[in-house]
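Step one of this worksheet: look at the structure below.
We call the chains A, B, C and D, going by the order they appear; numbering starts again at 1 in every chain.
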Amino acid sequence: MADELLLELQAVSHVFADGSRGLDDCSLGIRRGSRNALLGANGSGKTTLLLHLNGLLQPSAGGIRIDGSPLDYSRDGLVALRRRVGLVFQNPERQLFSASVFEDVSFGPLNLGLDEAEVRARVAQALAAVGMTEQAERPVHHLSFGQKKRVCIAGVLAMRPELLLLDEPMAGLDPGMQNELLQVLDALTARGISIVLATHDVDFAYRWADDIHLLSGGRCRASFAAADLPQQVAALHDAGQPLPAVIALHRALVARGVLPAEPVPGDIAQLLAWLAETPSGEPKMNETPPGRQRSAA
Amino acid sequence: MADELLLELQAVSHVFADGSRGLDDCSLGIRRGSRNALLGANGSGKTTLLLHLNGLLQPSAGGIRIDGSPLDYSRDGLVALRRRVGLVFQNPERQLFSASVFEDVSFGPLNLGLDEAEVRARVAQALAAVGMTEQAERPVHHLSFGQKKRVCIAGVLAMRPELLLLDEPMAGLDPGMQNELLQVLDALTARGISIVLATHDVDFAYRWADDIHLLSGGRCRASFAAADLPQQVAALHDAGQPLPAVIALHRALVARGVLPAEPVPGDIAQLLAWLAETPSGEPKMNETPPGRQRSAA
Amino acid sequence: MLIEQAAYGNRWRRVSPAAKGSLALAGLLAAFVAATPATAACVALLLALTTVLGARVAAGVYLRVAAPAVGFLAIGSLSLLVAVGPDAAGQFTWGLAPDAARRVATLAGRSLASLAALLLLVLTTPLPDLIGLLRRLRVPEVLLDLMVLCYRMLFVLATAVRDTLTAQSARLGYASLRHGWRSLGLLLANLAVQIWQRAQALHVAAVARNGGGPLRFLSPGFANAGRDTLLAVVAGAALILFAVGLG
Amino acid sequence: MHIMEGFLPVEHAVGWTLASAPFVVVGVRSLRCRLHEQPEQRMLLGVAAAFSFVLSALKLPSVTGSCSHPTGVGLGALLFGPTAMVPVGLVVLLFQALLLAHGGLTTLGANLFSMAIVGSFVAAGLFRAGRRLHLPLAACVFAATCFADLATYVTTSLQLAWAFPDPVGGFASSFAKFAGIFAITQIPLAISEGLLSVLVVKALLRF
């Protein structure tokens, strides 16, 4: 079990220069190939945690391990780390340096010292992965907000990371753009890339993630499989998070005898599908409905 | 009926300097004291419409009436209009430009030419209304995102508007901050202030608004009472909006015979309350559950 | 910015910047070697027609972009037309300058031809392509970095300025002249503070992608760059010969 | 106020380019050293250049309609040093030529000399002198940035007068003509720039 961990935080604390505490005795593990949601309110330490995973901040106490060995904060060590762990910040306006989409995406691979042909190939591939091939020649300031976000992701993907860190990627996107971005993320997971995504949306975290890490006040309150979330009411409450609406609904319907206790739906769309599928009095629960399905572990 | 309209758009079109169309033959009315949701995807013209209501943009065709008379775009007319109609933009970073909270909120009242005592009184009152009295002396850039949003609202409230326009006020707020903001808005409605709020979240619009105005592609597709939304499936579909989840759930439960067709719940919390209240086989629908309740008109 | 729009939207968008640069350079040289004002005017006309008909830049856009510079030329010419100063007797006089027409014609011909050469380049070539060209011409890295950042950030800051101006207007910040000055001061001060914050964020973002030193980018390639450049050099040489020969 | 493309005769265009070149070389060298020690300043100067460019596109409330605009070069020289402002000014001037057709490539040397070299060094020099005389900060900032603007305008007028001496009155009366024409926009502008710079510095100190 332990050796399937890609990254591990061990009792990490971080105190900023101004004396405020960013992280407080935080421990968690990121499994290889998994989808992780860092769930917490604004100011709970999500961004600070992401900055630690990419080596941009160093723990004031505690340690971080990658593949079981401690992070190496030498220059070469950091270069190696950031090649493996890519970070996409929340605001595109603060991380795109060049107005040319193609140029900006080439920045990371060039910093890896790759030759020109390889860089061109990687830029093309990264732009294709986020569906921005057509926009390669357009200037960044002509793109929509959602497109800019995707360019930011391409800029990190072109470095071929094993782990992708995303800070509030859904913020500011309308439902259509959110769906497009989710498809991009699904394709990345299918390619074996691990993802850590910071969010304050418990419904989204429950629907999307394999593992949920709950943060509040700079502390890692709990880490659990998303499927186990229904059992984590107390932890969610402590972190100021509501129960996902779909779970509350499912429970009410179980109490009313409309749906069986198992399986637990992942989102409202799935719940609706089940309601439509199993007419009153004739449950056919053994057929698994489409979509990602939850079952209590 | 007509004279209860505070503001009215009559076939308003707007073409930007670069030739793109911001609004296209848009008509709608804002009733005095009502809560209005402008519902539409990003780029559907919501912000353009709000800028028209505040006189920051002028229609290329069509007209706007306040209290039944056409808007006066002279310097004095605009001062009078903006005193009555306050606009809060989406991004707090772009509309807070003073060093301290107090200073920023005093910006509008000072521009109204009020004397110092009156300005102080108004700032204090506006900060109290958004629950930011404690933070009055703090520098703006030390505030959290949610606090900044509230300072923006205070800055407009200090001008004592009759109508408050809010552009995507919930964007970027975590659930806790959203609830706090909703309480602020409820208090304003209770004081008789009309509100127009732009959002792309149909669930929120349905839960919160009295009237919903549906926008897509710069056109006002439909205006209707929020309670009538279940009848507007076609209009919603045309505007690329899904049906609110709570309506879809309610329908599924009506189909399964779990809940009666009337009343229709306003949000999931209400649906959950009803499910908890009426145990299987013993409906007691005549008791009205708490919360705002919908019934088909 | 009209130039910006034309640069991305013209027919020569995908022509190698080296080719367009060579032609513009030849245009500048022709403007300076033109033997007579009439020749210079012909050079200006040829370059303008090339931009409008060849690259399909809208004539209206072309004229609006050229207008401020032409205004400067008009004011400058005016001061050349009038001669002031003490005459032989030491009396202050003013009147039409001797030889004024010839001097103004020379100046106008040269200025208009050079302006047309500059416009040929900037109306057909987006700035990132020009920076790419300067990169190939071995311009110091420090200057290239400043250019790349300046170009990217000027749109970000321009949006910030526009949004803040709008927000201030909504709160009556420009209802009177006195308020206007106060509002503008607040706006600029706020923007100045953002310079540090944005720079810090960009630096962290660069470090996250293994950067932090000189910014390195790869420009997209241009098809037929060699052929187009050769063509432009030939056309440019012909233009220079025309300018010299006709005089 | 920048001299338009092609306005200067060839010997003046080349001459001013040669006169500016050493300042650019020194500026680029010193910047390279500075960025080696403090790499985060690269972004800072890049954003500052963008700020200056955006300022130059800003209309001022009192002089709307005129072509005048602040540049922030004087303020930049106080904040980042005059040597650093030469390369930054070069980029801003080049962008004004390439994006606004304001100024030009053949007049880049002359415009750089008047704006980024004379302007920056006058601002920095006056500011130092003012501080040494223990004048209040606001007065120093105002004098430095206002006179930097005026120095730029005077230099440009001198450059034009030298290139186009009056056939009757010679250099002096030509200078009087150019300085007179541009005074209408440039003197109010210099005062505005001084006032705005004071406001910005005051705000920076508070943040």
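Heads up, the rule we're going with is that contacts are C-beta pairs under 8 Å (C-beta built on N, C-alpha and C of every residue); 3 or more make two chains touch, one makes a residue touch a chain.
These figures come from a predicted structure and were not determined experimentally.
Per-pair tallies of C-beta contacts place C-D first. The best fit of Cα atoms from chain A onto chain B calls for a rotation angle of 175°, in steps of 5. Per-chain CA centroids place chain B at a distance of 45 Å from chain C. Each chain gets one centre point, the mean of its Cα atoms, and the points for chain A and chain B are 31 Å apart. The mean-CA centres of chain C and chain D are about 18 angstrom from one another, to the nearest whole unit.
Multi-chain contact residues of chain A, defined as those touching 2 or more other chains: none present. Those residues of chain D in touch with two or more other chains are numbered 203, 207. Looking at chain C, residues 127, 148-149, 151-152, 156, 186, 189-190, 193, 198, 202, 206, 215 sit in touch with two or more other chains. Those residues of chain C lying in contact with chain A across their complex are 8, 126-128, 148-149, 151-152, 155-156, 198, 201-202, 204-211, 215-220. Chain B makes touch with chain A in their complex at residues 41-43, 144-146, 171-177, 200, 240, 242, 245, 248-249, 252-253, 255-258, 268, 271-272, 275-276, 279-280. Across the interface of their complex, chain C is touched by residues 18, 51, 54, 56, 75, 78-79, 82-83, 86-87, 89, 91, 93-98, 107-108, 110-112, 141, 155-156, 159 of chain B. Contact residues on chain D toward chain C in their complex (touch as defined above): 3-7, 9-10, 28, 31-32, 35, 39-40, 42-51, 53-55, 57-58, 60-62, 67, 87-88, 90-92, 94-95, 97-102, 104-106, 160, 164, 166-170, 172-174, 176-178, 181, 195-196, 199-200, 202-204, 207. Contact residues of chain C toward chain B in the complex are 5, 160, 163-164, 166-173, 175, 179, 186-187, 189-190, 193.
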